[in-house]
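A, B, C and D are the chain letters, set down in written order, and residue numbers restart from 1 in every chain.
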Amino acid sequence: MTLSDEPLILSASCSNKPGIVAAVSKAIFDMGGDIADLQQFDDHGTGQFFSRVVFSGATAPIGAQKARDLLAPVLAPFDMTWSLRARNERRRVLIMVSRFDHCLADLLYRWHMGELNMEIAGIVSNYPRDIYPNLAFGDIPFHHLPISKETKAEQEAKLLDIVKSGNVDLVVLARYMQILSEEMTEHLAGRCINIHHSFLPGFKGAKPYHQAHERGVKLIGATAHYVTSDLDEGPIIEQDIERVSHRDTAEELVRKGRDIERRVLARAVRAHLEDRVLMNGMRTIVFPE
Amino acid sequence: MTLSDEPLILSASCSNKPGIVAAVSKAIFDMGGDIADLQQFDDHGTGQFFSRVVFSGATAPIGAQKARDLLAPVLAPFDMTWSLRARNERRRVLIMVSRFDHCLADLLYRWHMGELNMEIAGIVSNYPRDIYPNLAFGDIPFHHLPISKETKAEQEAKLLDIVKSGNVDLVVLARYMQILSEEMTEHLAGRCINIHHSFLPGFKGAKPYHQAHERGVKLIGATAHYVTSDLDEGPIIEQDIERVSHRDTAEELVRKGRDIERRVLARAVRAHLEDRVLMNGMRTIVFPE
Amino acid sequence: MTLSDEPLILSASCSNKPGIVAAVSKAIFDMGGDIADLQQFDDHGTGQFFSRVVFSGATAPIGAQKARDLLAPVLAPFDMTWSLRARNERRRVLIMVSRFDHCLADLLYRWHMGELNMEIAGIVSNYPRDIYPNLAFGDIPFHHLPISKETKAEQEAKLLDIVKSGNVDLVVLARYMQILSEEMTEHLAGRCINIHHSFLPGFKGAKPYHQAHERGVKLIGATAHYVTSDLDEGPIIEQDIERVSHRDTAEELVRKGRDIERRVLARAVRAHLEDRVLMNGMRTIVFPE
Amino acid sequence: MTLSDEPLILSASCSNKPGIVAAVSKAIFDMGGDIADLQQFDDHGTGQFFSRVVFSGATAPIGAQKARDLLAPVLAPFDMTWSLRARNERRRVLIMVSRFDHCLADLLYRWHMGELNMEIAGIVSNYPRDIYPNLAFGDIPFHHLPISKETKAEQEAKLLDIVKSGNVDLVVLARYMQILSEEMTEHLAGRCINIHHSFLPGFKGAKPYHQAHERGVKLIGATAHYVTSDLDEGPIIEQDIERVSHRDTAEELVRKGRDIERRVLARAVRAHLEDRVLMNGMRTIVFPE
C-alpha cells in the first residue's frame, strides 16, 4: 500500500514495439511512483499494444498534471494514444432514458451505494418527470426532451447543448429507445454506451424478446456497447445471459431481460468509469476489475 | 418407490381441452399404475397441450404393449399425438462425425458411464477409421462414407440403408459438417440432432468462432437443434455459453467452443433419449430432467 | 387459454399412493375446471407426493371457496396437506431490514414493476426512517423497532403485534441481521424467508465475505432459506454465485455479494408468492416458474 | 508478433517496492526481448508483489538459460522468488487415479487435442489396468500400486520412486481417493493438484454429494486445489458449480458432479502448466488465460 490515497490511472495504446513497458515503468519510477496495477495486452492480429497502469507516489502524492508533464516526452516516441487521470476525478455522466426505467433505477441505486465513481450531470428523457414516480432524483437536473420525427434535429440540438454546458464526459443510453443521428453518434464517439435489450448478434431490431420467443431459444441475453452510427454494431463492452424455457412467455422474457440488462449496463458503465475499456478498432479491450 | 423396476413413459400432445389429465390419470390408475412423474405444459399462444407421464405398475409390472392397448381408446377422443415406451427399451443411435471428434469422444464416454440410455447402432464418418487413433470403438460398427459433390446422392443412399437396416431411432450429427439433403432431413424429421458450433441465432454459416472473434463478443455459445431442411433453423433443444475476453484468439474460441459443444450436444441427446423433448411447431418443449 | 382470468392454485403433499393425480384431476374436471399447469414430484427417498396445480373454470370462473369445498372431500382420504387460493389474492408481506438496504430497494423496485404479486404490509427496521434517504416508501407503514439485548423480548412483542394486526402472510428478512427468538421462528415457520449473505453451507456466522476472502475462494454466493430456530440451517429455497478472483478484496466481495443477495432473495420471494415452494422436511420442492 | 516462436515465461513474487516492473522490463529490453504479455498483482493486504511476464527475442531467440543468467543479478536485490522457462518446455505430469476415471479420461482427451502442454510421465492407480477398458493409454507407463493400511508406507515409497525417476514436475490427483501422507504432501508442495468432488468449503469428508442432497442445496460444485497436509484445505485454484433441483437424487448429483469435476480439474491443470498460478500464502493468484 502506498502512502498516497490518490492513485493515477494511465491508459495507453500504440503500435507495438520492444521497450514500451520499460520506458513507461522507468518514467513512473523516476517520478517517485509505485505501480499498484499494470495490465497489458498485445493484439497479435493487429500488432497493437494496450496498457492500463495504476500508480501512486511512493512517498508523496505526484498529482495528475505533473505526471502528465513527465510522461509526455517519454510516450511521444511511441506515437501513443494515452490519457492520465486521478482516480478520484469523477466523470460527469448524462443518463438518457425512455419509458422503461429499470436501468435508470439500478444506476441511481449503485451510484448512491458508491459503486459508480461518477457525478450525474443530468437525466434526459423523452417522457415527463412524473412517469417515474418511484424514483428519487434528488438534486439531479431532469430534462424532458420530447421527440418526434419533425422535432428530432431540434431535440438533438438541445441535447448537445446539455452535453456541452454540463461538461458531460459520458452519455449512458439506459433504454433510451431513440436512435441518435449520425452527427450525434460521431460527436459522442467512444463516450456513449447503449444497452441493447437482446443478445447481439442475433435479434437486432424491434421487439427482440418476442423474436427470441418465436425462435424458441433456451437462453436470452443483453449487450452493452459503444454507440456508433451503425446501429447495434458498435464495439461490445459486456454481455450476459439467462437460461429460459418453454414455460416463459414473451412477457416473461421481457421481465427476465430487465435483470440482465441492468446488470450488463451497470458493469459496462463501471468498466468505462474505471478506465478499463480501451478501443481496439471495432472491438474493445476490457481489463478485469 | 413402486414395486416395478420397469417404468413406462407416455409422451403426448394435442389441442388443449378440459379433462385430458383426468382421463389419462384415470386410465393409468385403472390399469393398476402409479404415476411417478407427471409434467405438463399448456402453450397459451397455440392452445396446445403437452405432457410426459412416467408410471409403473403399483403392485405388478404392466408392460408397454398392454399399457398402449389400454390407453389407445382413452386418448383417441382427444386426437392426441402420443407414444409410450418402457424406459429400459434403449433407442438405437447412429453417430455421424467428421474430422473433429470431441463430441463423438464425449458421447462414447458418457455411454460407457451409463449416462446415455442407448445402443450405438454405428458410427458414420466421411473420414477413415484411423483418423481417430485415440478412440476405442469396441464392437460398434464403423462406416467410412466419403462424400464429394458428385457422390453425395450415392453416399446418402448408403447412409439411408444403414439407418434402415440398423433400425436406427436417432441420428446424432456430432460435428458431421456435411449438409444433409432435403430428402434425408425429411426422412429423419424429429429424430436427427445437430450441434451448431456457435450461438444461434447469430453466427450462422462458416467459421462462426472467427466471426465471433471479429465481432469482439464477450460470450460464445453452442446450440443443439433438430435438423430441418432449413439449415441452422431447426427447433432448438439446448444452448449454453462461456465467457470469453479480448485475450482469446479465434483459435482459443474454437478450443473453448469444443467444451460448450460437447456438453450442449450431450444434454440434448440425453433429453431426447429420456423422451423429455416434445415438438411444438418450430420450437420444443424440454421437460426438466 | 381459458375464459377465466382468475386461475386457482392448489398446492398439495401427502404420502404417495396410486390414484392421487386421477382423483385430483377428476375433481377439477367435475367442477368445470381446466388444468393450465400441473407439476408433480414424488420423492422416492421419503415416499412423499408433492403437486402444484393451476386451473381455471373452463367456461365460467369457479371461485376459490367453491373449489375448496369441492376438493375437500376428495383430498381427505389421502391425508393430504393442501391449500388452495386464487392467484390474484395478494399475500401480505412484511419486510424487515437493518442498515444495508440493497435487498429492500430491489424488492420495492420489483414490486413497483409488478414482478412480485404481494401487498407490502409494512417495513420494519432497527434503524430509523432517515437512514434510507434514497428510498421512496410511499404509503407503506414504516416501523422503527430498535433492539438491544435488554429490549429484545419487548421488541419482538411489538413485531408480533405488527404481524398479527397486519394480517402478515410472509415475513422477509431482507438483510435484517438480527436473530429472531425461537418462539418467533416457530410462530413464523414456513413463512419467513432469510437471505444468508454467503454461500451455505460454508461460511456461516459473522463476516462471511471476509472468511471467503481469507480462504481464497474463486466463487462467492448467497442462499435464501426459510428461517428455523437452527440459524443458517433452514430449508434452502434458492442459491446463486458469482465468479471472483485474487483481485477482489473483501470489500469488493461485499459489493459483488450485494448483487447476488438481491437476486437470490427476489427469486425466493417470488417463488413463495407463486406457491411454487413446498416443504419436504428440511428441504424444499421448488417447482420451476 | 515477434520473430521468435519460443516465448519465455517469467513468474516472480517478492515484497512490493517501487521500481520492480521498471527493473524487470528494462532487463528484458536490454537483452533484446519484447514483452508479449505482462500481468501483475499487488496484494495490498500482505504487501506482496506478483507478476507473470511472457516475452520473446524481438529479432532473434534469446533462450531460457541466457535469459535466466541476465535476469538473476537484476532480480537479486528484490529478494525475489522467481522461475523462468520456455513455453515449449513441456512439464512432466503423473496422473493418479482410483476407480472413477472420468477426470483421467478428460485429461487424456485434452492432452491428445493439444490443450494441455505436458508430457504424461505415467498413470498410477490403486486398481489394475483392466478396470479402464475404454481408455487407450498408448505408450504411457501404467503403474498399478495397490494400497492398504498396512502397505501404505511401502506404496508411497514406490510412488516417490516413480516421481523421482520419472522427473515428474506435477502430480495430478484425478479422483485418486487416497490420502497422501504428510511426508508425501510436503515433498510435492506446490506441485500436486487435487480435485475435491464437492464445493469447498462446505461438504468436506466422505460422500459430499450425498451430504449436499440431504441438505437440499440448489447448487453443487467442485474445487481444484494444491494438496497440503491439511486435507481439503490447500490453496484453491479453480471452482465451478451447476444448478440442481429437488428432482436430482444423490446419484444424479454424482453424475452432474462428474462434469463439474472434470472441467474444474482440467482448468486448474492448464493454469498450472501455463505458469499462471502463483502461491500467495494459503491462497493463489491465478492470472487469466
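Heads up, the rule we're going with is that a residue touches a chain if its C-beta (ideal position, glycine included) is under 8 Å from a C-beta of that chain, and two chains touch if they have at least 3 such contacts.
Not measured: the values here are computed from a predicted model.
S.K.: Along touching chains only, what is the step distance from chain B to chain D?
M.R.: Minimum step count, chain B to chain D: 1.
S.K.: Common contacts of chain C and chain D?
M.R.: Where chain C and chain D share a partner, that partner set is A, B.
S.K.: Name whichever of A-C and A-D has more C-beta pairs touching across its two chains.
M.R.: Higher contact count goes to A-D.
S.K.: Among the chains, which has its CA centre at the largest distance from chain A's?
M.R.: Relative to chain A, the chain whose C-alpha centre sits farthest away is B.
S.K.: How would the chain A/chain B interface be labelled, same or different, where same requires over half of its residue numbers to be shared?
M.R.: Here the answer is same, because the shared fraction of interface numbers exceeds one half.
S.K.: With chain centres taken as the means of their Cα atoms, state the distance from chain A to chain C in Å.
M.R.: Inter-chain centre distance comes to 36 Å.
S.K.: Rounded to a whole Å, what is the gap between the Cα centroids of chain A and chain B?
M.R.: Using C-alpha averages as centres, the distance is 42 Å.
S.K.: Could you pull out the residues of chain D that touch at least 2 other chains?
M.R.: If we look for residues of chain D contacting two or more partner chains, we find 41, 44, 245, 247, 288.
S.K.: What is the shape of the graph in which nodes denote protein chains and edges denote touching chain pairs (line, ring, star, complete, other)?
M.R.: complete
S.K.: Can you list the chain B residues touching chain C in their complex?
M.R.: 1, 16-22, 25-26, 28-29, 32-42, 44, 47, 58, 288
S.K.: Across the complex, what residues on chain B touch chain D?
M.R.: It comes out as residues 102, 105, 108-109, 112-113, 115, 133-136, 138, 245, 247, 252, 255, 258-259, 263, 288-289.
S.K.: Any idea which chain B residues touch chain A in the complex?
M.R.: Answer in residue numbers: 41, 43-45, 199-203, 215-219, 221, 235-241, 245-247, 249, 280, 282-286, 288.
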